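Worksheet: one structure, shown below.
Letters are used for the chains, namely A, B, C and D, taken in the order the chains are written, and counting of residues starts over at 1 for each.
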Amino acid sequence: MSEVELDVPETRAAALERYREVRATTDRLAMGLCAEDQVVQSMDDTSPTKWHRAHVTWFFETLILTPHGANYTEFHPDFAYLFNSYYEALGPRHARPHRGLLTRPTVEQVGEYRRHVDRAMEAIIENAPDNQWSEFAPLLELGLNHEQQHQELMLTDIKHVFSCNPLAPAYIEAAIGKSRGDLPPVEWIEYEGGLVEVGHQGGGFAYDNESPRHKSYLEPYRLASRLVTNGEFLEFLADGGYQNPAYWLSDGWAIVGRDGWHSPLYWRRDEGRNDNGGCDLGAWSEFTLSGLRTLDPDAPVSHLSFFEADAYATWEGRRLPTEAEWEIAAVQANVDTSRPPANFQDNQIFHPQSARFSPGGGPIQMFGDVWEWTRSAYTPYPGFQPLDGVVREYNGKFMSGQMVLRGGSCATPANHIRATYRNFFYPPDRWQFSGLRLADGP
Amino acid sequence: MSEVELDVPETRAAALERYREVRATTDRLAMGLCAEDQVVQSMDDTSPTKWHRAHVTWFFETLILTPHGANYTEFHPDFAYLFNSYYEALGPRHARPHRGLLTRPTVEQVGEYRRHVDRAMEAIIENAPDNQWSEFAPLLELGLNHEQQHQELMLTDIKHVFSCNPLAPAYIEAAIGKSRGDLPPVEWIEYEGGLVEVGHQGGGFAYDNESPRHKSYLEPYRLASRLVTNGEFLEFLADGGYQNPAYWLSDGWAIVGRDGWHSPLYWRRDEGRNDNGGCDLGAWSEFTLSGLRTLDPDAPVSHLSFFEADAYATWEGRRLPTEAEWEIAAVQANVDTSRPPANFQDNQIFHPQSARFSPGGGPIQMFGDVWEWTRSAYTPYPGFQPLDGVVREYNGKFMSGQMVLRGGSCATPANHIRATYRNFFYPPDRWQFSGLRLADGP
Amino acid sequence: MSEVELDVPETRAAALERYREVRATTDRLAMGLCAEDQVVQSMDDTSPTKWHRAHVTWFFETLILTPHGANYTEFHPDFAYLFNSYYEALGPRHARPHRGLLTRPTVEQVGEYRRHVDRAMEAIIENAPDNQWSEFAPLLELGLNHEQQHQELMLTDIKHVFSCNPLAPAYIEAAIGKSRGDLPPVEWIEYEGGLVEVGHQGGGFAYDNESPRHKSYLEPYRLASRLVTNGEFLEFLADGGYQNPAYWLSDGWAIVGRDGWHSPLYWRRDEGRNDNGGCDLGAWSEFTLSGLRTLDPDAPVSHLSFFEADAYATWEGRRLPTEAEWEIAAVQANVDTSRPPANFQDNQIFHPQSARFSPGGGPIQMFGDVWEWTRSAYTPYPGFQPLDGVVREYNGKFMSGQMVLRGGSCATPANHIRATYRNFFYPPDRWQFSGLRLADGP
Amino acid sequence: MSEVELDVPETRAAALERYREVRATTDRLAMGLCAEDQVVQSMDDTSPTKWHRAHVTWFFETLILTPHGANYTEFHPDFAYLFNSYYEALGPRHARPHRGLLTRPTVEQVGEYRRHVDRAMEAIIENAPDNQWSEFAPLLELGLNHEQQHQELMLTDIKHVFSCNPLAPAYIEAAIGKSRGDLPPVEWIEYEGGLVEVGHQGGGFAYDNESPRHKSYLEPYRLASRLVTNGEFLEFLADGGYQNPAYWLSDGWAIVGRDGWHSPLYWRRDEGRNDNGGCDLGAWSEFTLSGLRTLDPDAPVSHLSFFEADAYATWEGRRLPTEAEWEIAAVQANVDTSRPPANFQDNQIFHPQSARFSPGGGPIQMFGDVWEWTRSAYTPYPGFQPLDGVVREYNGKFMSGQMVLRGGSCATPANHIRATYRNFFYPPDRWQFSGLRLADGP
């Protein structure tokens, strides 16, 4: 491992409990899906549920059981080929856009694969000699965080699959909270900036891309106290936002034209309704993991590309925050991400909820609900070193062409996120729960 | 209906029996497939099993039950949109390349749909007033033939799906016959030609594209007594057939280069084996509906595009027959297609079998095994009139850019084929059981 | 040469005169074009003027001078690579879609190349020993016909280049005839059909694809006495022809949607004008080789794809003729193609002209004006043998996926066309002068 | 204008002289090109010479003459449509990928257009009232810098056009310097970093994207004293650099596979030569603006994409500098960019030259030769404000997906570059003179 070492869980018992919890969550998330749902790939960016479930299992098998499991027998000789995602160092693999062609192994067989690996993993966690344990324990923690990332993707990917179906199926009959009409107004919270430190400080797990902690100079800036809402974004539409190139980055405007974008990904005009030019709130629905719902004006706008988030901010006369600005604010907010009112995967709503008034006066919705696009390109921190070995490819090789998002979403497990966490997607990507918070200044 | 009327089954009881038999066959063909297998679409040309099963059902619902069923209640209001294939007159429909995105309705629900429609169909066949019966009886026969066509596509499509899977699943553990080393040599059967009549003569069901029966002038010609075999096609490979543009039509040669064709669709080089330049028979396997099998040199070559069939014939110094030449020979052969030795779907082998010596001396394998590419473009017969009404779109609108194939295959029901039957595919298509018989002269 | 031998001109003096005439015509056609015009390629199907002029020259150099010219010195060693069109047997060549990247050789240098080859050709025609002369004389005639084909392409290709330019340049300030309002009405000329003979009979030059002459059986049929006009085609538009799939072949309808076809290729709606739904004649202009002109309702409609021609005929309740039907009518009409009123390249109008009343009562406009789409796919005649040697690739390898057109156009040299001439293009192609004549029956 | 005002030249006489000098340089650069060369567009990213020459002229016409020229008469009403590059605010325009279809206006007409605008510009510079002069003088300076940018593009674009021609034409018979075998070794120059200031300080012209000047914190770092050479890059090839994904960013590796990259853009293997695996220096040539030349091992490697530059640095165990690191070093180097030994457009060599030993000990080749890829994404500086008005679109809307390059190249005018200058291209772009300098630390 490189000097940026992965953190080791404190005890084997704690590790075992955590292993079981994460793995069970994955299975629970898939429980509402029938076999047909789990096999389909709706676009190159998404993967079938079944594939996700097998891939995270392959990760443990390949990085822990095969090298460290004394008597471990591989479940199936071809699974390494089928379920490697992008690790060039681990040999050839099934092409990503063809994941949806694999009707076999079946969902049932993938379940068996998971149980086979779980049995071996539980045994090795409990019984491995100490020296071996300390070798693989960091990879175990990495594997669990990896699986949590794929839990989020399972949700966003099946949402995309269902959105392609004219029947608009629901993943879950969730109690998507209704807005109560008490949306707090935006306040502008001031930050003095100066020479700050950002990045992971040590203590607890973090990915390599969050290190090293380093100095950065910030001008004074302001952040909006809450996320931008559907109602606010609708004003952008009403003002011809999608028709006016003045608000758009050049690459974004080209996509607006090429792909005919006219609203966030899952918004749908209710054709029959009487409305005034498409900007009447009542005239819009939104496809959610609970099926089609009337658009909630107070809920955070979601499924925006970076280009749409940036265009909205430009139209507003503001801008997106940088990732350092966001991180400093998030650290100061000192939020316990593991408790309400943050809206994480744990809530099982799987949809962003409208902001509630915060007594403390700090920014709200910094964590959960939607990932917040920043204006920062995803590039290495000064002195960045990728992990050693195969997992070197985990983060570093994606450091071009993508933008950083911060804060987690309603599909992120609460114990997976932190203030220094750097998520990244391409500027046109819209199928994640991605929204924005406005920034201002210097 | 147009003057080219569809034929009416003789009695309602016969119609009912036939309806039940065809519908049961479809279900039986799907029985070996799990839910995952039935949902995937491997390329634009193929459709999911589940879709086929629902589409043929929609055909009866839309053309018979909705207009003629007194109290018929549609199974689901969106199914007309989901399961219309290409009937423009029946309104908008789910885009063909996106059929594989429909995880719902599930396989189970499609099964219920089938039973719902079957109950109503059986009732209407038995109980409709006579005047109504005579109105829809021709459409019933059309619908059953339509379903038989889709039975064949179910087989060729799932073969393609499975061929994309590195696990090479088997659809059925069929007893694919082994060649016994007694392949009859090719003999050249002579036909005098002259002013002949081709096309459907009346009596029994036929599609509109087989009419009207008309005169055609043929020069004297010769046909090979049997199909071209894998072993013979391998000689074309060994002679550099796929590397030499001299044998290829220009459009075909462009595809050879663009798509890297180097053998029939489902042939696979056995990498490890010791062979001499790839032309050793032992060095090739073939993906079949029973999984990967060693290539049988005596079995008919299959899964050829028109371009490959034509190139082979050119290399041989021969040519493909015209459809009229083929039809005259098929009529003279006077084969009872419903009995052995013809290798149809009914055999449940689902793979072409090597030719057996024919005592009579006529051409063998005219029916079954593989569809035979002709050199005839699929154009209307002189005086062709499409059917009236919605089914006008059944055949006529495809009369450009495609080539005629004749004779049926190992995936065709025996009672579906006849000497005048015109199948048609685009010159590059290879996923059907398509091979060739050589012609010669004038 | 194969048994289908090319014809030999009668005397060397006649050959020399013809050579000079054809070559001079090519240069004259390019005279109005500046260097910039001659270098650009506007789509894959078209070629730069400069390339045409060099390619036809390369044909003589490669097929006659190099093998037969005793002391001939190649003009430039790389030109064989640059100016081979599609002859696989003559080695690798510059990719067709990249012809427009060749700024060098310049127009001036291509002119030198032409003069270099002309000097050598004239010498060899005059001075070659008799046995050599009889060897290459057929190739000379082929080369001259080849150059005439490229003369037509020079015109259609530069028309396409100019049509892409918002300045709408004119190639020539031609006196495009105005219609005089005396368009003869369509009459239906009857043909009895029966067992006829079609194809080249010998005597005079013909391409290999016109042979062998062979019997064909035709039902009785009728042909329209003249071409379909712009005014008539406008009625098809007015009736929603481009919006109604009922008239279209399936492949054509897909292109209508994909490419947004809404009128013949070069028609343009005059935005500013007051019109009733786009179907007012005054509201349309047409881009011609003399720039934008008000659409002439009586002139033949041109620049149709096969799909549009076929859709129009279907809408009319008629059909396109087969090539045999057309040929029989053309032979019976016994037209001297080399004299008025036929509108050929020789007229230097380069635009189809409205039909004039014909005293004889036979069909008019069979030759010249526009190529007439037939419903016949371009396939080999029974017994077809391609030419031997390199020129084997001239016609035969294109015999798939294309449709036959007959009769020549306003860009065809009068002495290049004949009743048996088979031109061929893909069904979607529109940049040729291609229109239609209706047929009816049986 | 925004608060980031463009700088005004000191006197009208100076402005006039500078105007004449820049305009004359553009014409001189086009002088060696024939009309054919100037019309072709070889890929979407490049533009025809003729288009560049007209577009920079349109810029003056549109931004100065039309609004400020009292009696100015537009040269041609359609030129605004034809020669607008990307200014959405100025209305619709000819699609970028179709610039190469415009054979008209001719080169000669574009020359007239230039002279027409020059006459009016010279008059307005000399005679405009003072208040008007101060209004448009900043736009004049912007227009001249704009034209200088297009001078560089004229060179890189015609290089690309010529590189597509098998004849490998030369733009100029330049005295590309031969290396003298005295390449200075790389030394590592140390920088202490800390809280620095970067960005334009005021005084002299700069683009809006160079402002505002702002603080940035840098860890200590080291820069290589010179650029990476062809010889050094060849070692990367010899070590399998293009075959090993370990060195590549994920997006870069995908392009290597998709486009078959195996060397810098203009390198060509000399097929015939005896070499050891392609890594023998003698076995490579490089296409230059003086035609094909033997690869000079000591000259800076050029025409690299960001991906290749980054992969090389990774292979070396180093990294690319950030733009701030580069700028601090460039400022400290205190180079007079307008004098030798820097290799700019002014040298008329148009090819990077090998480094010469620098007496001072600082970094060499910071300016000229090749643009240096940095690891910095092209994003706005803190507090960035685009220019007001139409020129708002000049830089800001491109701030996504691109990487910053610094230092100018052998195609950049000496008086166009400065330490704060930010050039930007997409990571896969290779047709610019783009290379790299290694960085190290922290």
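One rule holds in what follows: contacts are C-beta pairs under 8 Å (C-beta built on N, C-alpha and C of every residue); 3 or more make two chains touch, one makes a residue touch a chain.
This one's a predicted model, so the numbers in the text were calculated from it and none came from an experiment.
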Review point. If you walk touching chains, what's the least steps from subunit A to subunit C?
Key: 2
Check your understanding: What are the chains that subunit A and subunit B both touch?
Key -> none
Point to revise | Most remote chain, CA-based centroid, reference being subunit B | key: D
Study note, to complete from the structure: Whole-Å distance, C-alpha centre of subunit C to that of subunit D, is 47
Exercise for review: Find the geometric centre of each of subunit B and subunit D from their Cα atoms only, then give the gap between the two centres in Å, rounded to an integer.
Suggested key: 59
Exercise for review: List the centre-to-centre spacing of subunit B and subunit C in whole Å, with centres computed as mean CA coordinates.
Suggested key: 38
Check your understanding: So which stretches of subunit A touch two or more other chains?
Key -> none
Review point. Should the pattern of chain-chain touching be classed as line, ring, star, complete or other?
Key: ring
Review point. Among the chains present, which pairs are found to touch?
Key: A-B, A-D, B-C, C-D
Practice item. Going by the contact rule at the top, pick out the subunit D residues touching subunit A in the complex. Key: 86, 88-89, 195, 214-219, 245-246, 248-253, 306-307, 310, 322, 375-377, 379-380, 382-383, 392, 397-401, 403, 427, 441-442
Check your understanding: In their complex, what parts of subunit B are in touch with subunit A?
Key -> 34-40, 42, 50, 78, 81-82, 94, 98, 100-107, 161-162, 164-167, 169
